[in-house]
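Next come two complexes, and both contain chain A; in the first it sits with chain B, in the second with chain C.
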Partner chain A sequence: MKIFKYIVSKIFLRKAILGIGMVLLLCMANYITFTAVRSILSTFQGYQETRYINQEGFYIANLDPDSHIEMNTVRENGTQAVYDYINNNFNYAFYADGFIVSVPNIDDMEISLVYMNKEYYKLNQFELLQGTDLEFDYQFDKEIPVLIGKGLSKTYPVGSTIEIEESVLGRPITLKVQGILKQNAHHSNYYALNSKIYYNFSVLFPVNEEFINHANIDLQLNGLMDITILQTTKEEISNLSEVIKDNLGLKFNFFSQKENYNYINKYYFHTLKIISITTIILLIVITCLSIWNALVSVRLMLKDFTINLLVGLSYSKLKKIFYGYFGILSFIDLAVIFIITAFNRYGCWLRKDATFATYGLFGLIGMDWLALLLVAASDIIIGMIVVESMLWKIKKIPISLGVLQ
Partner chain B sequence: MTKIIDLSVKEKIYKSKKSQLSILNDFNLEVAAGEKIAIVGESGVGKSSLLNIIGLIDRNYNGEYTLFGSLTNNLHASKLAQWRNQKIGFVLQESALINSLTMEDNIKLPLLYAGSGKKEFKPEVFESITNAIGIKPILKKKPLECSGGEKARAVFARGIIMKPQIILADEPTASLDMENRERIVTLLFKMNKEFNTTIITVTHDLEIANRHDRVIHLGRSK
Partner chain C sequence: MKKSLFRLTDMLELSIAYIFCFFLNLLFDYVKTLDLDAYLLKAFLKNFIDYQSLIVLLFTFVVIVFHYQMLYRKNLEIFCRILVGDTVFNITIRYILDCLTILIFVYLLSAFINVHLNFNLTGNFYLVLIFITYILISVRQVRKYENF
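Entry: the complex of A and B
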């Protein structure tokens, strides 16, 4: 340890600029790797999550990019007519989120109401920490059974009730907590697989036909955007598109998940491939720059190293010192990446951003840790290449010449 | 007397970017413990290369080298490093100092690598060495603040601080005035007398060479 401290403080840190250069290069490598790995992991997670709708006869709604919603032209009887048609002709999975409501809770978070019907709930198979599954055959004017996120369970245990001013119905209602979702339960966007919202501070609200009929136009229209029609045909879907166009003036496309995957494979995964290739190229460039930096360091410190070798330092000990030094630099960079990630994750708690607040050490979730692990692995590879290059350079020059440099 | 060095070099190739030179062809050397040997010869004949081989810092030659009864050719590098630290003292040219360390730290550098042997080190040894060669006033200075002669004496002090069994000196008096030259030689021979230290000196100074037990003249290989 004494030798390590001596070599680091009296030799490496004498040329601090080279050490700082290495830290910056590693930091770049780590940040690029972390960002790319997390994007890929999140996309893969989203891909896995949406597999449940990849079934024959399932079609997911998608507002045509050229069709613009003008809210004042959409009438409630128009959306109701669409829902009447859907209710009469189809089985469908309904989902709508983004409805914020103020509910007192220990963490003082704004609460997001997430509406879903029985089909959507069945397809998603939510995992519960406590309580029982969501019920959809409830009395509309009595307590409505809901599931809540883990963050709300401290304030509202199973069996407790929550009074809210419900904006969709436009009247106060009472919710009864029937179950608590597993921590960090989430929903991935169907068309942007790496985009997620987390349910830790959400209320999962059961929606049935009667509820939709009484809901305002916001929920009806919002729900239409992501509606999944089940067990149907292309022809029937085409008729539905016509009904929507006639009643709302909006052009809706319906794609099977297979078609969506084709789209994702064509455009989204292509982007991921570019990200991966760019990351690898950047990592190679950064590794080359790190080797160059290391060899310049050796050239400038060669005399110091070889004098130490002359008086008793062995190459094997020097190798351990190099790995130790590189390990410290990597640790500093990993800590920086950890702090940046924790700042982002924990920032959601500080900003009271209910849809992105996650549980974990400083809010870091599984994919963050996995990405950090892969960053550490890339550091080990870069470190081995750099350290072995340095040793090769030092061994190449005889001690007798090095001491007189 | 105990034989501690038994060296047999068939050939040592000295490579430069443009050419290569064959030196120390069929060179044999046996040295007994406590012997004082001077190596003389014109530049380029391989005097320093021979010291490097004896001092275990060059193993790139064709031959066999037995030191302290062990064949060194197959010894592990960490064992060689340990011997360089504890059994062999190098007295090189004045520039072989680390500029970021004080003179004292430079002199004490071998102690850092001595491991358990360090416990045997007595501070009075350091005191007596620095007193004897007159460098006490410059111990807190850095090499760049010292003269060539002062640096040469510091290099000498570092070479003998571990009380090695063999001292290898490459032109130890080249940059010294008469007074300091005599100090160094006296101390070198005193160590030989008191501790039976083997001294091998490369020098161009025939007067100093003749004060050794044996003088080896190296000539050009044919």
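Entry: the complex of A and C
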């Protein structure tokens, strides 16, 4: 430890610019690795989620990119006719989010209402922290049982009620907290698998046929955008597309499991491949720069190293010192990445961004920790390459020559 | 060139360091012009494009390391030159001119690529100012070796 302290303070820190150079290069490498790993993990997480909804015989709705909604032309009886047709002919999973309401809570967050029907709820298997599962057979003019995110549980424990003044029904409603979701429960966007919303400050609202029939056009149309028709055939789906076109004037595509997987394989895996290759190329470039920086350090500090080798320092001890020094630099960089991530995550709490606020140490979630772990692994690999090249360079020069330099 | 502190390897090293920084900036500008339809790729690249100037600035530290290590290695040479009649002023001027020549050469190369790709010519210019600042700061190190 004494010799380690001596070499770090008397040799490395006396030429601090080289150390700072290495810290910056490692910081870049860590940032690139962290960003890439998190993108890949987040996409994979989204992909796992879609497996619940993307099954054989299921068709997921998607508004044709060339079809534009003009709210003036869409009539309420048009959407109602579509839902009547769907209710009479199909089993479907209904999901709609993004309905913001003002509900008092101790964190002063805006609350997002997430509407889902029984089929969607069953497919997604939400894990609860407390309370019981959602009930869908309720009278919507009485208290409606709901699930809430962990962030709301302090203000609204199980059994308490929430008053909402403005609802999709056009009148005040009373919600009764039936259960609390596990922290960081989330939903991935079907068309951007890496993009997520977190339910920590959301209310999961059960909807049934009667509720949809009484809801305003916003919910009906919003729900139609992501509707999943279960256990059906291509012919029946074509008929549904026709019904939507006739009543709403919108062209909807319904994609089967095979079509969805083809899209994911073609689009996502190709993109992930590009991200991985780009990351690897950048890491190789940064590793080369780090080696250059390390060899420059050896060139400038050769005399100091060789004098220490002459007076009894062994190569194995020097190797350990190099690894220790590199470990300190890596730790500094890991701490920087941790601070940047924590700042981003905690920033959502400060900005009162309810859909992205997460629980964890400074808001860091499992995915972040896993990405940090992989960053540490990449640091170890870069460290081994750099330290071994430094030792190779030192060993190449005879001690007597090094001392003379 | 005979009296220059730069050897061929030094010139190559500095050129590569400059080219790397200019190329990195150019790469960012190029990525910004791409019409990507892949949301995932766009989201990934946004993490870097948003911090383009900061990332390029951090990588310019490679040039600082170059100046530092080169002048540190040349301390004996500088002292010997002064012993045989050269002056610190002349050494400094020659050093600045050598660095500027390499910098201008690399900048012109990057400007040519900018024109070829229809990019803004001033997009790379801020790097020239940064590198000139580095050269001027490193000049102080030449003066430091006057008394070896």
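The definition used in the following text is that the second predicted complex is superposed on the first by the 404 of 405 C-alpha atoms of A that agree within 3 Å, B and C clash if a C-alpha of one lies under 4 Å from a C-alpha of the other, contacts with A are read in each partner's own complex, and residues count from 1 in each chain.
Here is the rule we use: a residue touches a chain if its C-beta (ideal position, glycine included) is under 8 Å from a C-beta of that chain, and two chains touch if they have at least 3 such contacts.
Just so you know, these numbers come straight off a predicted model, no measurement behind them.
Once the two complexes are overlaid on the shared chain, A:L391 sits clear of chain B and of chain C alike.
Comparing chain B with chain C, more residues of chain A are touched by C.
In the superposition on chain A, A:C27 makes contact with chain C only, not with chain B. In the superposition on chain A, A:N293 makes contact with chain C only, not with chain B. Within the superposed three-chain model, A:S316 lies in touch with chain B and out of touch with chain C [touch as defined at top].
With both structures placed on the common chain, the touch criterion links A:T35 to chain C but leaves chain B unconnected.
Touch criterion met: A:K10 reaches chain B, while chain C stays clear of it.
In the superposed model, A:I340 lies in contact with neither chain B nor chain C. When the shared chain is aligned, chain C comes close enough to touch A:N194, but chain B does not. By the document's definition of touching, of the two partners only chain C reaches A:L18; chain B does not. Listed in rising order, the residues of chain B touching chain A in the complex are 48-49, 52, 57-58, 60, 77-78, 80-82, 84-86, 90, 92-93, 95-98, 100-101, 105, 109-110, 112-114, 158. Across the complex, chain A meets chain B through its residues 2-3, 6, 10-11, 14, 303-304, 307-317, 398-400, 403-404. The touching residues of chain C, when paired with chain A in their complex, are 20, 38-41, 43-44, 47-48, 55, 58-59, 61-62, 64-65, 68-69, 72-73.
Against chain C, the residues of chain A that register as touching in their complex are 15, 17-18, 20-21, 24, 27-28, 32, 35-36, 39, 43, 191-195, 267-268, 270-272, 274-275, 289, 293, 296, 299-300.
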